[in-house]
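Below, chain A partners chain B and then partners chain C, in two separate complexes.
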Partner chain A sequence: MEDKLQELVVELLGDGAMEYFIGYRQGFEPSHVVPCFVTDQSEADRLIWGPLCLQNLSKYVLQARDLDGKVGLLVKGCDARAIVELVKQHQIERDRVVVVGVPCEGQVDPRKLEQVLGVPMEQVIDVEDAGDEFLVTVGSEVRKIGKEQVLRDKCFFCKHPASFDYDYTLGEVQPFTIDGDSEEYDAVEKLEGLPLEERRAFWQKQFERCIRCNACREVCYGCYCKECIFDRTAPRWLDRPPLLRENEMYHLIRAVHLAGRCIDCGECERVCPVNIPLGRLYKKLQKDIAELFDYEAGMEYDTVPPLVDFELDDQDPFL
Partner chain B sequence: MDRQKISKADLGRWLDTIAGKYELIGPTEDEDIIQFGPVQSSAELTLDYANSLIPPKSLFFPPVESLFAFRKRGKEIQLEETKPLQQDRVIFGIRNCDVGSLSLLDRVFCDDLEDSYYRERRERTTLIALACPTPPRSSCFCTTFGIDPLSPAGSDILLTDVGDVYLVDAVTDKGEKLVALGEDLFVSLTEGEEKELQPPPVDMPQLDVGGLRERLETLWEDEYWDKLSLPCLGCGICTYVCPTCHCFDISDVGSTADGVRYRCWDSCMYNDFALMVSGVNPRPSKRERTRNRYFHKFSTFPSRYGTGYACVGCARCLVHCPGGVEITEVIKDISAKEGVSDR
Partner chain C sequence: MASESSDEGGNGYEPKILVFACNWCSYAGADLAGVSRLQMPANCRIIRVMCSARVRPEFVVTALSKGLDGVLVLGCHPGDCHYSEGNYFTRRRGLLLKNLLQFVGIEPERFQVRWVSASEGAKFADTVEQVTEQIRALGPNRPRSGNQSAEPGDR
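Up next is the complex of A and B:
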């Protein structure tokens, strides 16, 4: 599939169909996969694809808006939903992005893999997809690890990758299925079941260690405001020092701003350097939005996120 | 003091004695994160770690600290000073890259403009460094910047794991004072042991940084920065996990009548870092901000303070950058005579 991707990118760059292409490349060690910006045909051979291509690259489309030409992008089905949202939130025009879809058979959660293997990721030389399992090379040994042990949480609930209008695909894009032993909202419901004080204590323990590096915001496709409320100085909505009460407000404000727009790509949790389980917070929003408005973000171009929508004759007079 | 040894079984007893007289700080693990924090007893420490996520600079220059509290009563203004420390401290388990970073931070906070908060914390802290495990993490490159992971330079005591015992090098008065607390737990090495008990050499990749600064300084307007900054997300991870970054912001929290003046970390990677009241931003895009970061490490800091490079090769930014901007690649790219622009 890598060959096919590289050939396609060479072709598209050669035709002038796009200014650059954003995919994945190997980083400083084999298990470390990072974004790859291909501006020249000669660099296309750096592009890779595999179960460690975790990042949702859609955010990068926003910085390409100023280009004269188009930008190309490799997307997993789950990440394609960000493109749908960006189009309908009027951030990009669909025809300015060349979207290459990739058949994905599940992505590895490095933290889970480290636990199963009992060694740090730096010792992992290769992870190969082999149907129901991953073939993981550690040193000279190849170990077979059942996918259900190490998949990213979201991969157990891969639903709509085929619904997107890809410009190109590297094979048939269809939902990945696997039997997991949990339901989609288990972790959320467990928290919902706790008494208020315990729930608050849980989140306070998480938010207390937030260093306010803003990585969750910067990686989020939906955080595109020209001036973020957190950066405003007049009025100052949030104090700069990373005190617990400010951190709490930071995360809750961000969550509410993403309600109905969060596509559950899981990037906020993945990039958090202090392991705050933000996915659970955003999963709760997703659940509420589904229950209250029967809405799922990133599906169709012609529906409007419920908290962005309004009607002039709304029954609530304050609108 | 001559090199001594302490058995691994006795290390905890010694640290517990220390904890009775000082605030003991060391590596702990919580939520899968290694961090340096205060402990009541040695049992709370972990020894199974490469290094902490947040560097121990945070113990001298905290992510957030109160400088003073203020209160207005009528026309009278009351100021309440914050004491940086309640008691003298011992930091156990610091690695040599981070020890190296403190000597750089000392120049910033203790040279001509003295920062009393930082200085008090430095003076009232004893450092017990722990030589790095062998092999080091594959990402480490401290030797590139002249740091020896097995040297006691910069700390008060160096412990080196050589199997059943730690070798103990107490190299300052502060260090010797701590060893004295352990009394009979420490044994001098015999002549045979001096030769026999040697840590295995540390093998790690070494980057060529000769002429890096001169080369970099010719590249201010180079297109390289456009390309390099493309994957940067503009978050602050690289600066917050960096043991030598030291930018801060000061803000008053509360009201003008009753509040606290805080100092907290700031990041030059943030859009609003260089933004002026006029609305002008001299570093308006990621290109300028990324360029600034590397210029500061490899040109501005050395020229301002007359030191070596302001990087200690801890690799934290390399490992944690979510965009995959890799400082080791930047060093290689800049050092390369040709091909700088076509990455």
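Up next is the complex of A and C:
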């Protein structure tokens, strides 16, 4: 896969089909993957692909907007939806992006892997995809770990492992099976089933921990506003100290701003330093939007987002 | 903002309710209620907006977070919007926001949307009374816990 990727990038850079390519490379540890920006054919051999390539790279396309020439991008099926949304939201032009789709068969959640292995990620040398399980190399030992144990939450319910709109693909996605019978909205429904008081207690406990580092905003593909409402000083929406009151506001406002645009890439939850289950907040909106307005973000170019659209016979509980 | 509002827990508790009223229907409705000398509780602070769709979700979230006891958004009846379609957007947004607020544990009564036309002075008075009573029954908005010691306005 990596050879194929590197060859393709060399070829595309060579014949001028694109000027830049954004992919993944190994970071300071073997288990640590970081984004890689390739501008020259000679750098293409740094590109890698594997179950630890977690980042959603579409955010970086926004920074390439002002550059000349096309920008190439390695995307998983889920990340490709961000590109669709960015085009729909008029943030990028589709013909300026070269979308290289990679067949993704599930990503590893490092936090889960650490727990299962009992060793820190620094000691993990390699993680390889092998159908229904991952081959994890720790020291000189290779261990087989079932996918259901360490898969990222979002990968359990991956409905669209490949996008409809790739310029190039590196292969077909091989289906795999995972044990367990959980449903996509289980976590949300469990919370919805709780009494109001308990829900409040749950979320207050989560929001209280927030240190407002803004990592969830910075990593989000949808947060491209030149001036974020939270950074504004006049009017100042948000006071600076990370109090529960302000944190709650921050997360709720961010959630409604992303309603109908969130593609459930799970980046906000992944980067959160205090492990707030933000995914559940966004999943709730996603669920409501699917149920009320029959809409899913990032699936098609020609559907109108639900909040800039209406039907005369929409549900009306406000008489 | 909140510090002067609720005499928390005491018998003299008066909820403080923020009302966004659309200029063309609901604000005129409120005017009619006043001109008709209808009796209604004085817990509402009305902000006139040009359309109910002007009310961004952050208005509501901010008001509730900063300690107001309830937010009421009033707009024209669907189909009667001065701008043809503004309130249809309000309807969708309101529904989503209401669900989201409930999901994080805020009582649904604290955020309400109603349609009040310019001729419905009585409905305006009824709505205000109803909402005030519902919120009075709920008590002050979210007794603060945890790291909530700072007063609103402390910077």
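Annotations
The rule is short, and it goes like this: the second predicted complex is superposed on the first by the 298 of 319 C-alpha atoms of A that agree within 3 Å, B and C clash if a C-alpha of one lies under 4 Å from a C-alpha of the other, contacts with A are read in each partner's own complex, and residues count from 1 in each chain.
Convention: contacts are C-beta pairs under 8 Å (C-beta built on N, C-alpha and C of every residue); 3 or more make two chains touch, one makes a residue touch a chain.
Quick caveat, the model's predicted, so the values are computed rather than measured.
Of the two partner chains, neither chain B nor chain C is touched by A:D132. Of the two partner chains placed by the overlay, neither chain B nor chain C lies in contact with A:E93. In the superposition on chain A, A:E189 makes contact with neither chain B nor chain C.
Residue contacts after overlaying the shared chain place A:N214 against chain B, while chain C stays out of touching range.
Shared-chain residue A:E7: touches no atom of chain B or chain C.
Of the two partner chains placed by superposition, A:D165 touches none, neither chain B nor chain C. Legend: residue contacts after superposition of the two complexes on their common chain; A:D239 is shown touching both chain B and chain C.
Common to the chain B and chain C contact sets on chain A are residues 239-241, 243.
Residues 188, 191-192, 196-204, 208, 229, 237, 239-241, 243-246, 248-249, 252-253, 255-257, 259, 281, 284-285, 288-289, 292-293, 306-308, 310-312, 314-319 of chain A are the ones touching chain C in the complex. Taken in their complex, chain C has these residues touching chain A: 57-58, 61-62, 65-67, 78-79, 85, 88-89, 91-107, 112-115, 142, 144-148, 150, 152, 154-155. By the touch rule above, chain A contacts chain B in their complex via residues 20, 25, 27-29, 32-37, 39-40, 42, 55, 59-60, 63, 111, 120, 122, 209, 211-215, 217-219, 231, 239-243, 270-271, 273-275.
The touching residues of chain B, when paired with chain A in their complex, are 31-33, 53-54, 63-64, 137-139, 227, 230-231, 233-237, 240-241, 249, 251, 253, 262, 264-267, 270-272, 286, 318-324, 326, 328-329, 342.
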